[in-house]
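Order as written gives the chain letters A, B, C, D, E and F; numbering starts at 1 within each chain.
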Amino acid sequence: MTECIECGADVTLHDDLEVGEIVDCATCGAELEVLGTDPVELDTAPELEEDWGE
Amino acid sequence: MTECIECGADVTLHDDLEVGEIVDCATCGAELEVLGTDPVELDTAPELEEDWGE
Amino acid sequence: MRAAVVGGSGFTGGELCRLVDGHPDFELVQATSREYENKTVGHAHPNLRHLDLRFSDPADLESVDVLFAATPHGVSMQHIDAFQDAADTVVDLSADFRLPEASAYDEYYDGHDRPELLADAEYALPELNRDNLPGATLIAAGGCNATASILGLLPLFEADILSGDERVVIDVKVGSSEGGASGGKAASHAERSGVVRPYAPTGHRHEAEISEYLGIDVSFTVHAVDMIRGASATCHVFPDSPVSKGDLWGAYRGSYEDEPFVRLASGGGGVYRYPEPKAVAGSNFAEVGFELDAANKRLVVFSAIDNMMKGSAGQAVHAANIAYGLDETAGLEHTGLHPVGAP
Amino acid sequence: MRAAVVGGSGFTGGELCRLVDGHPDFELVQATSREYENKTVGHAHPNLRHLDLRFSDPADLESVDVLFAATPHGVSMQHIDAFQDAADTVVDLSADFRLPEASAYDEYYDGHDRPELLADAEYALPELNRDNLPGATLIAAGGCNATASILGLLPLFEADILSGDERVVIDVKVGSSEGGASGGKAASHAERSGVVRPYAPTGHRHEAEISEYLGIDVSFTVHAVDMIRGASATCHVFPDSPVSKGDLWGAYRGSYEDEPFVRLASGGGGVYRYPEPKAVAGSNFAEVGFELDAANKRLVVFSAIDNMMKGSAGQAVHAANIAYGLDETAGLEHTGLHPVGAP
Amino acid sequence: MRAAVVGGSGFTGGELCRLVDGHPDFELVQATSREYENKTVGHAHPNLRHLDLRFSDPADLESVDVLFAATPHGVSMQHIDAFQDAADTVVDLSADFRLPEASAYDEYYDGHDRPELLADAEYALPELNRDNLPGATLIAAGGCNATASILGLLPLFEADILSGDERVVIDVKVGSSEGGASGGKAASHAERSGVVRPYAPTGHRHEAEISEYLGIDVSFTVHAVDMIRGASATCHVFPDSPVSKGDLWGAYRGSYEDEPFVRLASGGGGVYRYPEPKAVAGSNFAEVGFELDAANKRLVVFSAIDNMMKGSAGQAVHAANIAYGLDETAGLEHTGLHPVGAP
Amino acid sequence: MRAAVVGGSGFTGGELCRLVDGHPDFELVQATSREYENKTVGHAHPNLRHLDLRFSDPADLESVDVLFAATPHGVSMQHIDAFQDAADTVVDLSADFRLPEASAYDEYYDGHDRPELLADAEYALPELNRDNLPGATLIAAGGCNATASILGLLPLFEADILSGDERVVIDVKVGSSEGGASGGKAASHAERSGVVRPYAPTGHRHEAEISEYLGIDVSFTVHAVDMIRGASATCHVFPDSPVSKGDLWGAYRGSYEDEPFVRLASGGGGVYRYPEPKAVAGSNFAEVGFELDAANKRLVVFSAIDNMMKGSAGQAVHAANIAYGLDETAGLEHTGLHPVGAP
């Protein structure tokens, strides 16, 4: 269990987590990059700014 | 003016037509490949079978 | 020329008001409604808010050149004398004058009040009956589902691919404007949205028109689908002798190449390969196309129209143009939109 | 437990029949309709064709444990004695018992017949009033637009980000089922499809509930859009002091983390980033989320529910579960569908 | 029992995740996606945001009891060994194991990689093949259009009204979820909304299934219409000998009276008289009904399903229930909604 | 006059082709597309199947009088020299020349390649900038959401009801054609149907135009809803001093009474009481209306346009008409349809 740095909720992570993987927070949906695994350290992933058109 | 080999309608073509170009017939929509330009010769283009899903 | 629309507050009546108002040779002098008497036309039809005209009572008809009647079945046959007193030419959008024989009204409708007038009436569909329209004074616009069906099958008869004894299944899909402005529970948005609803499984009245004008009995089924405008007829045809794609192209080009309001669409590439209502919505075009199913000795013919236009008001104006010797496309130039939703 | 649905042929009544029938602890013993008396429930609600139950007259109420009333405003206050004679617990879906003060009925409705009962009634929304529901015998399910709005704003009050003096604009978009089964011209498929139609520009009655339960006056505007189920409230909020995203997450997680029927959706990736009715349609979930507009010192809060469920029938069953000490989610397990259209 | 969904990010895969998660006897232990690996299932399917599960790579299959494969045609035949290593029972939703003869794959598809396994596979449709499902270890869920068509016609064969030599036209209308989650220009909202679009005029692959399981060649045409879920088949049938309505009721009641997921709807009153997708959307029900067109010696049979449920994921779970001897309706209790839009 | 459309295969480009083709003073001599080079215009736009024109490469521009550029943001600023070499007048539909200050492009977009040209450009919206359009050679059509918003608020500034310091919330609802023809997962029919989806909760780029041309900062939020064409802006306005309905009518009639393409709709009877996209779909009309919420010291202003017309292609043609001294309404006579769906 690790805290999401965006919303503070607990993020469930799988066992074989690797540095560099991107996971999303189940509460806020933020994309989180795994910076370290022992202890687990997460940072906001550089978001691909998706253009929803206009 | 050339006849479409699919539907027989006249196909208007541009002046600088080149061999290998693909044009569509305005009447039947068939994709036509330019085989020769003098005289103009057209053949059905090998159609990309598009899967509309199921 | 002066024109009036009886039943101007209804769906097809609103379209007639719009078309007449935008027509280079017609002037809209009257639109009737009992329910909305004295209200502006824009009250019922928001797209016509800029029109400076109020609905009047159908009992007080102005004297005009052409009167379009867009009233429910039965009204025109009852008021035809008043209509003909008021106008030189009457174009009726109901079924009241579509069939030449009174007996057909006994069989498919509730009889006819004025059978002696049936012989005077001309069926409006120009692709079928253009030659008889010039000078006509009583014109009956075709039913929308019948129009779609006839336009799809006509070339097969003209090219002798069908003779009238064959088996033909017509599976029609229509939008909600076909039911007119009056509503009802089944027509509510919540109940009618997103449907594929068999609404006339068998015995639809338009069978009479198809049978009359093509000389063939058809197996006819109509489904309501989620669009407002549009009628799409899929005709499954089993000809007695094999036909080739070339035969079919010959037939359809032969019948429609010079028609100003018919476009052929049969395969080809892109998103819109076959006729569909979206491609003609808002316009007076019909799209017609076909495909060959050699394995089943079947032709599939697709035909799509906007029921408010080619299927009623547009067909009526087209026929009036021919009756008066005007340019056929006058007032009917709008080509439809792209992209467009469920128009 | 035995349950009855008065107004069972209507839209929310049909949902109540469905939910009660599928509930592990309830048994549906009666559904009333005057119009469809003796017809099967499936006649009105095709999804319930397999139910072996016929509508009966609301004048002949069975003795039950819980009676759900899904009748138009005014009916419950008139028949409340009969309802309470027939049932231990009455859950009313109309506005008749939502507001504690008779004066509010004078202002927003046409007065109240039985003001003395208002004090007995509990507002059903568990996220707001869970503590008072156990043992309640008269429960008033909230209005659908009020429910969406209150769920969006509540955490801001619970976390003292709003105090009640601030300016709040609520721009609501709703589907056609909100209008009930009765129809009318504006509700017809042809007129109602594809709209963004301001239907209550100002002065909507649900302002009374929001004001009562949150203690704030709101600028409230409701638009009809092209969906059948769903109410979506966009609250534009201007707090007096600056707040951070962290404050907001704290507030919303604080209020809703343990709520079984509230999901947070605020940004993130994919197609569904913020609350929207499609994501909750058919379920009793509410989705709530927010975004910060620092440049304009504004918060935008989004809240989406299915008006047939969290906005009426689902909320009613949820409250009944709590009133009887049952599992809160009993009978409300359906999570909604994906993909789904305009459900 | 432990269950995995391969292709869990797709449309039918999402439905399988939902059904498995809500199933009393199954536990969802894995959902695969290459594109969304490590993302929560709720990222792709907003209705499943509450699930605490992330997509994993299909190359790392967990050991489970039952594996549902919801992958495009060709994937299962390629990975079948891995699937069978991971699971006792494989339920495949693609066409890969639907047809017993390799030659049919040569004719309708691009051949088959593992023809020797075809004999092991059972077609999932319980109404057709219930007896062979208990204990089955390789189950092939039927195609959605084929399922609708077969359910419509099956009683006519079981009651010897059809023998297989007759002419049958099947005119199908389907929603956009049939195309899966992948999209493309023709599938965009702007191009796909409001259509009646012939998308498979002739030669649709599902002809193979119908022909295989009913023993009749059919004239098959599929139209895309404006709904998301739903497949509706209208079968125009010309039997050799006259039949009565009584014969038909006998046939349809005989085949379906005891079926938990088939409802008959043939006439009657109200808004929903015949089968339509709205009435079954979100549920595993099929509706089947018919009408007699004596004048044309025709039967019209209507059949409606939700392609995501009875037409794929629901049928798969139903078959798995039977394979394992569970209650047939376990996990499939949701009855659909009313009102509902284009779900 | 000869006209070319660069980006002719896109959504606004298709509308420009249609409008130019139907324009009495323009002749469509070129439409470009790289993807569809050599294909007929009807391949991309089925409503233009009757046009005898093929797409050509944008690198080979014909010499014309007026060139309409309907390309994505950034393309025109890059190719402006080529455009101006080919044409006397360039009308650009992208954002590239809408804002007079280069700094605004740094803030809201990705900077500007040709800032020196910004001073030459005129904003196309005639209701705002008519006086500067005659003779203009570089014209920038406004953004669709900005156009709707500006048209709603402009009279309040012209009548000094607003000065620019007030709080204004703009809640916009738009159709799917706003996203252009390119598609993507969120734009698929299955995901995009029936939505009320917050797609730009805060920070939408059109804020820059509104701020530039009205001199006010606005709180702007955009929702995607289920229509194809249409943008509807609801402006919640809190003026410093009380205003009366008479003041408002004075302001709106003052600004728009003589405008050929603005209709006022504020209350009244019938189905269509306030502005809504359906009432203007397919036409170049804007509808504007308002309501007073005295209790909350609020005005609610509604504004509705067709984003393909008044919001882009129609506005561009309107401005070109003025630039060339033609009749303002030339080529823009179509008044829209009734009934109409989600057009």
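Throughout what follows, contacts are C-beta pairs under 8 Å (C-beta built on N, C-alpha and C of every residue); 3 or more make two chains touch, one makes a residue touch a chain.
Which chain is which protein? Per UniProt: A, B = Lysine biosynthesis protein LysW.
A quick note: this is a predicted structure, and the numbers were derived from the prediction, not measured.
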Common touching chains of chain E and chain D: A, C, F
Pair with more cross-chain C-beta pairs in contact, given A-E and B-C: B-C
Copies chain F and chain E - interface residue numbers shared by over half, same or different: same
Distance-maximising chain from chain B - centres being C-alpha averages: D
Chain of greatest Cα-centre distance to chain F: E
Between chain D and chain A, distance of the C-alpha-averaged centres to the nearest whole Å: 35
Geometric centre distance via CA averages, chain C-chain A, whole Å: 59
For chain C paired with chain D, centre-to-centre distance based on mean C-alpha positions, whole Å: 45
Residue list for chain A, restricted to those that touch at least two other chains: 24, 29
Touching two or more other chains - residues of chain F: 11, 39, 43, 49, 177, 179, 181, 184-187, 190-191, 193-194, 226-228, 271-272, 276, 278, 339-343
Residues of chain D that touch chain C when the two form their complex: 11, 176-177, 179, 181, 183-185, 187-194, 226, 228, 341-342
Residue ranges of chain F in contact with chain B within the complex: 38-40, 42-43, 49, 52, 54, 56
Complex interface listing, chain B residues touching chain C: 6-9, 24-25, 27-31, 47, 50
Chain D - residues contacting chain E, complex: 11, 14-15, 18, 22, 39, 43-50, 175-177, 181, 227-229, 263, 265, 268-272, 276, 278-283, 308, 333-343
Contact set on chain D toward chain F in their complex: 167, 169, 171, 173, 185-186, 190-191, 193-198, 201-203, 217-219, 221, 223, 225-227, 230, 232, 234, 236, 238, 271-278, 291-293, 295-296, 298, 300, 302, 304, 339-343
